[in-house]
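Below: a set of structures, written as structure tokens.
Presented sequentially are two complexes of chain A, the first with chain B as partner and the second with chain C.
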Partner chain A sequence: MVTEVRARLRRASRLLAGGLAAVVGGAVSGTAGGAQDLVVGAGARFATLGAAVAAATPGATIRVTPGRYAEPTVVVRVPRLTIIGEDWPRFDGEGAHEILVIRADSVTVRGLEFANTGISQMEDRSALRVTESVGCVLADNRFRDALFAIYLERSTGCLVRGNDIRGTGGVETRNGNGVHLWYSPYNRVEDNQVRGQRDGIYFEFSRGAVASGNLSEGNRRYGLHFMFSDSCRYERNTFRDNGAGVAVMYSKVITMEENAFLGADGSTGYGLLLKDITDGSISRNRFEENSTGLFLEGASRLDIRDNDFRRNGWAVRLMADAEDSRFRGNLFAGNAFDVSTNSRTLRSDFEGNWWDAYRGYDLDRDGTGDVPFRPVRLFALVVEKHPEALLLLRSPITSVLDAAERVFPVLTPALADPRPLMRAPR
Partner chain B sequence: MSVATRALAGLLLAASACAPAGPRAVVLNEDQCGFCRMEVTDARFASEAVTRTGKVNVFDSIECLAGYARGVDRETLHGLWVTDADQPGTWVPVDDAGFLRESSLRGPMGQTVAFASPEAARAAQATYGGTLATWREILADSVSGTHGGH
Partner chain C sequence: MSTIGLVLRASARDLARNRWLIAYAAGFWAVTEALFYFGGSGPQVILSLLNAVLFVVPLVALVFGTAHVHASREFIEMLLSQPLSRRSVFAGLYLGLALPLTAAFLLGAGVPLLLHGAAADAPRLALVLLATGGALLTLTFAALAMVIALATDDRLRGMMLALGAWFVLTLAYDGAVLVLVSAMGDWPLERPLLALMLLNPVDVARVLVLTALDASALLGYTGALFRRVFGSALGPAVAVAALSAWAAIPVLVARRRFLRRDF
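Up next is the complex of A and B:
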């Protein structure tokens, strides 16, 4: 299994390297005079991008001069084409159709603005679609009011970098995703900004994907979404004010590092929602001001280390079927509930975390408390079974429960941190 | 604030859910799928199960409705409904509906979509491709059938 994944990754990286080399090679030969250099614009040889693409041969460079272009969907079937916009020429779908479809390998699209695809109830209409292609580069483009902005289907080894995507933000009407990968393994999505879409970035049936350095903000559903996509990695992204920050579902071996999960504060607001995943790692992330910071359901064998949970409603909610996860070196501060569960018997293990609610002591001065910390409040158990009870969060009854469980810690689950840190690790 | 509102809404729902009725309208971008926990954002694929005690479970996809239905005792169910993709907002009992699989229509959890009748599904097949199926066939699928090729 692992060797198969490695072999696939190696193959993908070769594809990616090959694609990039082909693109660079094409650009160099274009400027050297070997390949075509076509210009699109008012007064130029080609009035439309479609006309230039029809005339292009493999390796050609098409330069699009500033202006507004409204033309039927352009389909690229010529490999190694480079399309470069000068000062973001605006391609307008006039509310009626897709704008650019790539059906050729090693095509680069850079510096264009795509606008106004309109909404389709039945098709996943996309401003820029890549179909069954390898090694394409989509960089530094702008997208405004597209149903889907960038859609890769059955394509691999592509790079999606530095694009600025702003969706309609529509609540009532149908809304699509910013960057969508569908059956598209081994692609990279880097340094993009996505706002006002349904999901900012969505990996669906797409293994081996990498998302890094993206800002995903104010999207209706998820900032980043994995579905049936194994062996992916996401790092150094910021997810802010989305319905939920990130959802990882039905996927294995996902690496999640140094991300910020901020402000998912709706009634179903999760910083990070895990559903049926195994063998991932979650380290050095920040979870701040979410209704729930980290939610685990059907999640097992996760390494959860050195994360900061601050000012969340629930920092961590572990459902009964979450098991064998390890929490180490995490910091819990200012959360209404540090850990909650709907089960009395927890099969995850906490050790060496820092809890602002810990009231213990360290007589042997080894840096860890001499009495365990039990992060699950009895009241949290009540709320898991009866959500309406949350109305009593600040009531005297709750204080009595808190006091009772400190004296008789037999009611709450066995979950305890046997070696809580005395000083905050960060 | 929102938490308190939600709690009150929950109390009201509990109070009003006395007898099993039919399916209720889905609140897009609010309702959460009872199986996969995704928010329901696409009306074309919304599905519902109502239990004999009147509890309504909302699902974002036909795959999730099937996943739920496989896991519960049929005796506890009042009924199962899917959306007519030609007319989102219109419920169709699963046994009356016609289904299309692996067409060009992509749902939240795969490519299963429902129509008002087998005839309507056949008509849609002319446009979107795919293969026809009945609810019985969808239910008989293994769970991995929803993973589309894994």
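Up next is the complex of A and C:
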């Protein structure tokens, strides 16, 4: 398996360039150099995509004219094939089957609409599946009401860009993922829009993936989901109104930058949920109006820097097993609780953050407060133990509690920001 | 009607010249302005204001109202010696107390809120709910003040009762609820707690503002009932209804007392 993947990777690096060239070239209709140019459509030479694919030779271009196509699952086994739809011809799975399966390297699929795969409890039925291939390009396609929209298995060096995916919005057990990567290392997922699926984007056993510029909105479970996928990065994505924004689980060295985690509310509403994560970095992200902005369980050695936490229920929840993370230059404003925890001993390190609840002073004028700030309120601990007490949020009695705790700090964890910023950094 | 108007006008004119009332409005204005000037982020300002409203509005309405009714004793006796219906006299008296107080609150807190609220990055709904909650609290506690003043002949006793009511409703009640929660944490307390919140007007006003300001936190609680109450317009609607009931019931009690009382 490992040697096989390595060989594929080597081929991928050669072929990815070819695939990208195909994208650029594909935009110009009718490629040069006497390559095959096949047309599919009513009145054209091929009535179905299946017939055109059967007749195609490596490097051919298939153009699909507008219309509705309902045909059995098309399997592409011809390498370097380019399939281009004009004005989004609609391929309908008739609620019964997968639509397009790619089993060849460097295939490009662009400008098609895939619809209506139906629901299966037996298979991960996908509108567009890529199996054991290298260097595919899946760009600017539309997906409507598919169980899984794009499914990459044991494939590498692919580019998934600019696709518009709208799922059925059905419950988790009758819904699949928008972009699903399984054992597929080193792929890029860029500028896609995913709505109404189970997980918007899901990386499982897929190391080295990059997700950037995607919009993942209104998905049932997670906007983006990692399982056992090391050394991935995601940046400049927007996650809005998903069950939870992003879940990163059992993975190492994940880079998370400049994303927006918005509006994940509910008892399982997390902007970013981390579980058994080490050595990642989380910087310059926005967390707004989530029930919990950032949740860390078994997460250690993270560098959490320059993020904005605004108007969340809990900005940061650190479980007792989260260790040695560093919080620097983050901004906390308008959150009901800035930091909460279920433990009295916390081994994370806060320094130089800005807290809107800080009431200290700066006599030596160095820009940081002279009195440490303790972000864990006593009332937060009460709520952690007795969630119903949440109804007393903002009650004057909680201010009395917190004031008492400030004078006699015996119950809250020793967690403190020794140098809180006096001015908001952003 | 004309009697109500007459008494109202006399009472209101008396109050409008009252230094304390003017100081109350001016103080609220100053606090609100200062919060916006120094406060930084919008939600933080609303939060500080919420605390000010929950503490100060009941206190002023209770203390000021009790003192005012006691001070108007001779005026009331004079009115009742005239051929006027007791109902109209009571209505005039209550409105003459409650309306200037509400006006002072709305002027003091509401106008700067309107002026700055548009500029601050604060949730608009929270501002509106805060003003609504404050106004309804004023009506409620003005009525409670009348109940207390009409139940006591001794000024000092009346004042002690007013202060006691204030302390219980703003602090002790929530403290007791907190103790209850920690003592009975193993039982399902969701429903009883929501009911307990409805039984205290200060809590109702607070929760009303929370539905706009801290919805993310309230929805974070594991409980279908919370989800239903705070995930829709149901929460604010129930809270406004409960606050209105809270404003109405003490008025009826005070009216009954006033009609039966031998002055």
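One rule holds in what follows: the second predicted complex is superposed on the first by the 392 of 426 C-alpha atoms of A that agree within 3 Å, B and C clash if a C-alpha of one lies under 4 Å from a C-alpha of the other, contacts with A are read in each partner's own complex, and residues count from 1 in each chain.
Here, contacts are C-beta pairs under 8 Å (C-beta built on N, C-alpha and C of every residue); 3 or more make two chains touch, one makes a residue touch a chain.
Everything numeric here is computed off the predicted structure, so don't read it as measured data.
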* To do: Answer with first, second, both or neither: which of chain B and chain C does A:Pro396 touch in the superposed model?
  => second
* To do: Return first, second, both or neither, reflecting whether A:Ala333 touches chain B, chain C, both chains, or no partner chain.
  => second
* Could you tell me if A:Val40 is touching chain B, chain C, both of them or neither one (first, second, both, neither)? => neither
* To do: Figure out whether A:Arg221 sits in contact with chain B (first) or chain C (second), or with both, or with neither.
  => first
* Asked: Taking the superposition as given, does A:Glu388 touch the first partner, chain B, the second, chain C, both, or neither?
  -> both
* **Which of chain B and chain C A:Ser291 touches, first, second, both or neither** => both
* To do: Applying the touch criterion given at the start, work out whether A:Asp265 contacts chain B, chain C, both or neither, answering first, second, both or neither.
  => both
* Asked: Touch check for A:Phe205: first (chain B), second (chain C), both, or neither?
  -> first
* Applying the touch criterion given at the start, work out whether A:Gly313 contacts chain B, chain C, both or neither, answering first, second, both or neither. => both
* Asked: Of all the chain A residues, which ones make contact with chain B and with chain C?
  -> 265-267, 291, 313, 387-388, 390-391
* Where on chain A does chain B make contact in their complex? -> 121-124, 171-172, 174-175, 182-183, 198, 205, 220-221, 227-228, 243-244, 247, 249-250, 265-268, 273, 275, 291, 297, 313, 387-388, 390-391
* To do: In the complex, go through chain A and note every residue touching chain C.
  => 265-267, 269, 289-292, 311-314, 333-334, 336-337, 356-357, 382, 385-401, 424
* **Residues of chain C touching chain A in the complex** => 40-44, 47, 50-51, 54-55, 170-171, 174-175, 177-178, 181-182, 185, 189-190, 193-194, 197, 203, 206-207, 209-210, 213-223, 227
* Any idea which chain B residues touch chain A in the complex? -> 2-8, 10-11, 28-30, 32, 36-39, 41-44, 85, 88, 104-106, 109, 128, 147-150
